[in-house]
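Letters are used for the chains, namely A, B, C and D, taken in the order the chains are written, and counting of residues starts over at 1 for each.
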Amino acid sequence: MTNHWNDIANADCMIAIGSNPVENHPAASGWITAAKERGAKLISVDPRFTRTSAIADIYCKMRSGTDVAFIGGIIKYVLDEMDQYPEKYNMVYVTEYTNASFLINPDFEGPADLDGLFSGYDPAKRSYDKSSWQYQSPEEDGTPKWDKSLKDPNCVFQHLKKHFARYDVDTVCKITGSPKDTYLEICKTYAATGAPGKTGTILYAMGTTQHTNGTQMIRSYAMLQLLLGNIGVAGGGINALRGESNVQGSTDHCLLCHILPGYLKQPTNKDETLEKLLERVTPKSGDPKSANWWQHYPKYMVSLLKAWYGDAATKGNEFGYQYLPKTTKPYNDYSWIGLFEEMYAGTIKGLMCWGQNPAVCGPNVKMERKAIENLDWLVAVDLWETETAAIWKRPGVDPSTIGVEVFLLPAAASYEKEGSITNSGRWAQWRYKAIEPPGQAKEDLWIINKLVLKLQELYARESGPNAEAITKLTWDYGDSPSADKVAREINGYNLTTGKLAASFGKLKDDGTTSSGNWLYCASYTEAGNMMARRDPSPGAFNIGLHPKWAWCWPVNRRIIYNRASVDLDGVPWDKEHPVIWWRNGKWDGDVPDGGWPPMALDPEKTKYPFIMKPEGHARIFGMGRADGPFPEHYEPWESPVDNLLSGTQNDPAFKIWGSEMDLKGDRDRYPIVCTTYRLTEHWQAGQMTRNLPWIVELMPEMFVELSQELAAEKGIVNGGRVIVETARGKVEGVALVTARFKPFQINGQTVHQVGLPWHWGYTGSSTGDSANMLTPHVGDANTMIPEFKAFLCDVRRA
Amino acid sequence: MKLTRRQFLKAGTAGVGGFTVFHTLGWRSSPGTSHKASALKNKISETTTICPYDASGCGFIAAVEADGMLKIEGDPDHPINRGAACAKGASLAQLHQVDGKINPRRLQNPLYRPPGGRDWEVLSWDEAIDRIARRIKDTRDNNWTASDGEGYVVNRTEGIASVGGAALDNEECYLLVKALRALGLVYVEHQARI
Amino acid sequence: MAKAILYDATKCVACRGCQVVCKQWNELKAEFTENRGSYENPKDLSPETWIKMEFREIPRNGSVAWLFTRRACMHCTDAGCVTACPTGAVYHHDLGFVAYDKGKCTGCGYCVDFCPFEVPQLDGSRVTGLGRIDKCTFCTTHGLDRIGNGLEPACVKTCPPGALIYGDRGELVAEGNKRVAALGGNATLYGENELDGLHVLYVLTDSPETYGLPKDPKVSAAATAWKDIIQPLGWAAGGLVAGGLLINLIVARARQIRAEEEK
Amino acid sequence: MQEVERYKLSTRVLHWIVAASFLVLAITGLFLFAPWFSAAAWWGWSGVAHRVAAAIFVLVPVLFVLFGNWSRSMGFVKEAFAWGKDDVEWFKAAPDYYFGGDPSRMPPQGHINTGQKLYWLTVLVASAILLATGVIMWFFKGIVTAEVIQWSIFLHSLAFIGLGVFFLVHFQLSALHPRMPESLGSMIWGKVSAKYAQSHHGKWYDRTSADQEAQEA
């Protein structure tokens, strides 16, 4: 989230799209109610009428996977209005804070010219040469080439208009299946937040990310928000409502193939030396007004290496850089889908699962279960006997034929240990141990520590390849590590004074500071554990920042990009809900995104507000993406219809894998759209709820939701049993026939959609079929996040 | 005495206004150090915690009695949930305890299933750690890539993968990533991808 | 001063935190349930389930509306259960709501029979009549008394969207009427006058029947008859006859003795 | 002293079974009238006792009727409905008599006197009501409407009051009253003295002694 939960209350309008906050974040959704009490409108966009829709002011159905078309139509509506009524919009914001005015390489062409593709596409590689997607070279003084009147045909704004000109309301509704009048009402309602001082927020989640073009969907949200001046302001932002208690923290600490703690890049084979790596990844800007925050990259990287290798990390040995593994393949090949493809192929021999249950949660689990079966050994650390650990017990297999050796280690639950977790709003909060774990169960911290100590012992005794990477690793946590000590290490130290580092601004690239994660630098200072603070006062301007409650990254900034919340004089666009305010020569309010003075007041010292981009401006034109600088509507990999907008049916840049279990269904055999989702009552792969009697009572069984129309067609009765089948597999569940699902009219064709919760599996108190038996093994072109949300199925009575 | 021992789960600060927006509420400030505060009776421990389900970050208070009885309710001082709890949050105590006893589904010992085995065997921690460390070392060393096909030094193993972390604390995630990268793992993934 | 709960159906999102937190606070067990083609479960209230959320789909404005309703004890002023309860086990708490003292319960089940909302449920054998009867006590169960300790009921505290408010009934009636007026249309405040005033008030967007609530609930005359006729009549008749018999015995004996003496 | 058989063994057995079950029913039912007894309800076990006793109270007489002497059983039932002029006389004389007045003014009575007949009638009618409403309350919950259950509860209670009150009278007159010294014994041993029979149930005594004489002759 660019903003945070409490801040939703400041919004004038909220769109929940690709998310179902009321069901999946029920308690924090109280802030949606709070906004509604102030008169804010809630818009729910979902293929299925949910509990969020139930309290929404406007509900609009939308076929799964058509977000780019849906938002593209709103963007077109806004752009058209900007022509006619620019006074209704914050044109200063668009011109000064975004790259709308930047001039693009004249060679650039887009889908309007190239039948759905951008210039530079290589169909054989399914990838783009992005050289035409660049800004024109800057002026000599470093100032970008731009046209602040937004009229130059090569400027981003004009490209944008051309791009979205095709997304008229009729076309959009033919693609999405939304009712036109409702859709227009949404355009009108949400566009109203473009007025200076009005704010709208977009709340999204896995309904957006889990598509082959999910990243572009999110970009369409971000672009809409930038056009409406809704980023950086209170009650605005684009807010990813994250699904696990610490998925934000685990992402920040980068338990991901492509990054190291603090979103530093995982080195590739060509980053042969630390210097080469830093050269590649540290962005440069010739523009004196650009803060270009990532220029500090070397400080963060060296401090990380110092935290990991301590005294063994010296200038002479590149601070231990060579101890780190390097990758060869494109990074996405190491990500989830690629990982399981390799496991299926037999490359991966051993797997450790830390509170994760791939046999239920992975895409195409029929294939991924088979892959797990191929392992030599598996270590599962969990509270429960997960489906993954019990892979050899799964229905239809003979345990004696399954060779994988399994270690199942009992872990402590959240309140049986101490430590911090980071919520969706980036608040890192400390929690305490309330009770001893049952029996021999132990904290994961204890388990990791024991394992590493044992491995250090083994490598010290027996050595092995790159053994020093292990033996030299700073590992001084004793027999039973304290979370407190680790939290200090994450924050980092000034190694000269031995004091905790005050903030990442103090980190250095010369080896005199350490920080396990620069983003968390300032979370634990000499003043104490900031994450454990419990002062609930709302803080400056009474907009619910709660600056003294726990701690949030970066540097306790509660709303990021907040320097875009003020005009060029430092005065808030919305004086009722100011985030920061330049008064008496300083910023009041939230921790500003850099303390430089406002742009109009001190042109010498000022910096652009979007400090994380080398150009200092938010990117409406995003040249970093794999599949185009603008979002373009493509159909899901499996779709019941042809792409109405172009001859390019699918996102052209996502990777298609080729194992014999990576099957694709065709629309003749599988004509119905299928989607998966979560319930209020259950959580993720289900072990954490399917073993709690009170929860099982509420939602005892796997079910399938379908429309009354489809049920009538197929002779399915409410409460009966139904089978859903895709090219990959089939599942059975209770039929929940509901008026909350309605067939879509897609370009004159009736398209049905069904939905299933994905919480069930074959172990635990409540068992049932896993919806992921159905899902395909393809993922997003940029992130490789799997397509869980739109695929094709058929439905019949069991 | 049962009557008073219930007081730990404090009344909502919001009162009749219920879920009033902070603009009108006027938060009372509480001391910054009150995290482990106010055991009302010596038989009670009272601890603040954060919900382990979705990423709202709701605050809870866990209260344990001398006989081990556990109850967990929303923390009324917490700015996000203000004492509230959804069905999952309200069930938190059952992660540990069902009807006053340890949840029978909880794992309480390291378990081992040999290749082809039909059942779990109980292991001691020492045995489990020894054996797992041995598997990791053997697999790592036997599947070591010192340099890749393009001639670059890469020092990695593709023989081992690790998944998971969103259910762990930050400190655990950090130690885990530190250990995994030191071991040379490149197949490191977790819930954030899916 | 009477207290009450205001339930605002326009805010409720049916997260069912109330259902679970009620079980935690009152130490109630989970029930075995099945999916019956609905999100709703358990099937009905029981001694182990004192509150449950009901889900209803109705057509509205060409689309659908998903209505959520709280089903639990209404804490009536004119309460069939209190009237019918022969032993006073079910009684009106000083704060107006209907509390329940399990120690006085004989298990007769009249509260089950006389509740116009069919709230108390007997869970047990129909043949023996043995089993438990239980219902919402407004969190005043002995040993688990929140109200007496100055806390709000567990369900109110847990409600994330603030669809439940606890407070003085008079104030809540005013608040409810304000909300209903703001909603307009068919919006109703249920419970202001029903059964002389319920201590659970409902802000509804539509008629009570749409939400499955009886339009004009009444306590059966039979309940009143029991308390007002049967019990007094029983004691009067019993007392009179017993008294008469005693006098008869004394007189008869005295006269008989005299007669014998005379003989 | 000469004795007359007043009650056959089977009659006495039936009486005491019914009496015992009635006592259980009455006491367990009485808890509902006496809140301070509620603890004695034993968390509903009193309800079980009530049901068991009810079954005995109903089934045992039915079995007696079914497997016993049909005409004799019907004779008992008919007795309750056989009313005549003597009964009016009895009502006139009874108050004084039962308060210890001159016994000679009592008209002669049959096997059971008018008062006993009235009680017997009450037993039959009230039992029928109790039976019907009891069955509804026990077995028909959820089948009939709540109203029917509710009014069944009312009638059941009403019938109990009638029967219970009369039972007190019955108890006093048969067990405590100085005028009825042999009444209790007769239901235990089955016999009364001829003198007692003559004075209390003259018509019956005359008829039975006439029968006896006829047999002897």
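Just so we're on the same page, a contact is a pair of C-beta atoms (placed from the backbone, for glycine too) under 8 Å apart; a residue touches a chain by one contact, two chains touch by 3 or more.
This is a predicted model, so every value here is computed, not measured.
Asker: Could you name all chains that are in contact with chain A and with chain B at the same time?
Answerer: Under the touch definition, chain A and chain B have C as mutual neighbours.
Asker: When every step has to jump to a touching chain, what is the lowest number of steps that links chain A to chain D?
Answerer: The least step count works out to 2.
Asker: Identify the chain pair with more contacting C-beta pairs: C-D or B-C.
Answerer: Between C-D and B-C, the larger count of C-beta pairs in contact belongs to C-D.
Asker: Centre of all protein Cα atoms: which chain's centre is nearest to it?
Answerer: Of all chains shown, the one whose C-alpha centre lies nearest the global C-alpha mean is B.
Asker: From chain C, which chain is the farthest off, judged by mean CA positions?
Answerer: Comparing chain centres, A lies farthest from chain C.
Asker: Report the inter-chain centroid distance for chain B and chain C in whole angstrom, where each centroid is the mean of the CA atoms.
Answerer: Result: the chain centres lie 40 Å from each other.
Asker: Using CA atom averages as chain centres, what separation in Å is found between chain B and chain D?
Answerer: 73
Asker: Roughly how many whole angstrom separate the Cα centroids of chain A and chain C?
Answerer: Spacing between the chain centres: roughly 48 Å.
Asker: Could you say which residues in chain B touch two or more other chains, in rising order?
Answerer: Within chain B, residues 19-20, 72, 74, 81, 84-87, 89-91 contact more than one other chain.
Asker: Scan chain C for residues touching two or more other chains and write them down.
Answerer: 11, 15-17, 19-20, 24, 29, 160-162
Asker: Going by the touch rule set out above, which residues of chain D reach two or more other chains?
Answerer: none
Asker: What chain pairs are in touch here?
Answerer: Result for touching pairs of chains: A-B, A-C, B-C, C-D.
Asker: Which positions of chain C touch chain A when the two form their complex?
Answerer: Result: residues 10-11, 13-17, 19-20, 23-24, 29-39, 41-42, 57, 59, 63-68, 160-162 of chain C touch chain A.
Asker: Could you pull out which chain A residues touch chain C in their complex?
Answerer: It comes out as residues 22-23, 26-30, 32-33, 49, 51-55, 59, 680-681, 693-701, 703, 718-720, 734-740, 742.
Asker: Looking at the complex, which residues from chain C come into contact with chain B?
Answerer: Touch residues, chain C against chain B: 11, 15-17, 19-21, 24-25, 29, 143-146, 148-152, 154, 156-162, 164-168, 171-172.
Asker: Residue numbers of chain D touching chain C in their complex, please.
Answerer: 31-33, 35, 37-39, 41, 43-48, 50-51, 98-101, 138-139, 141, 146-147, 149-151, 153-154, 157-158, 160-162, 164-165, 168-169, 172, 176-179
Asker: Which stretch or stretches of chain C touch chain D in the complex?
Answerer: On the chain C side, the touching residues are 84, 86-89, 103-108, 110, 113-114, 118, 124, 126-131, 220, 222-223, 225-226, 229-231, 233-235, 237-238, 241-242, 245, 248-249, 251-256, 259.
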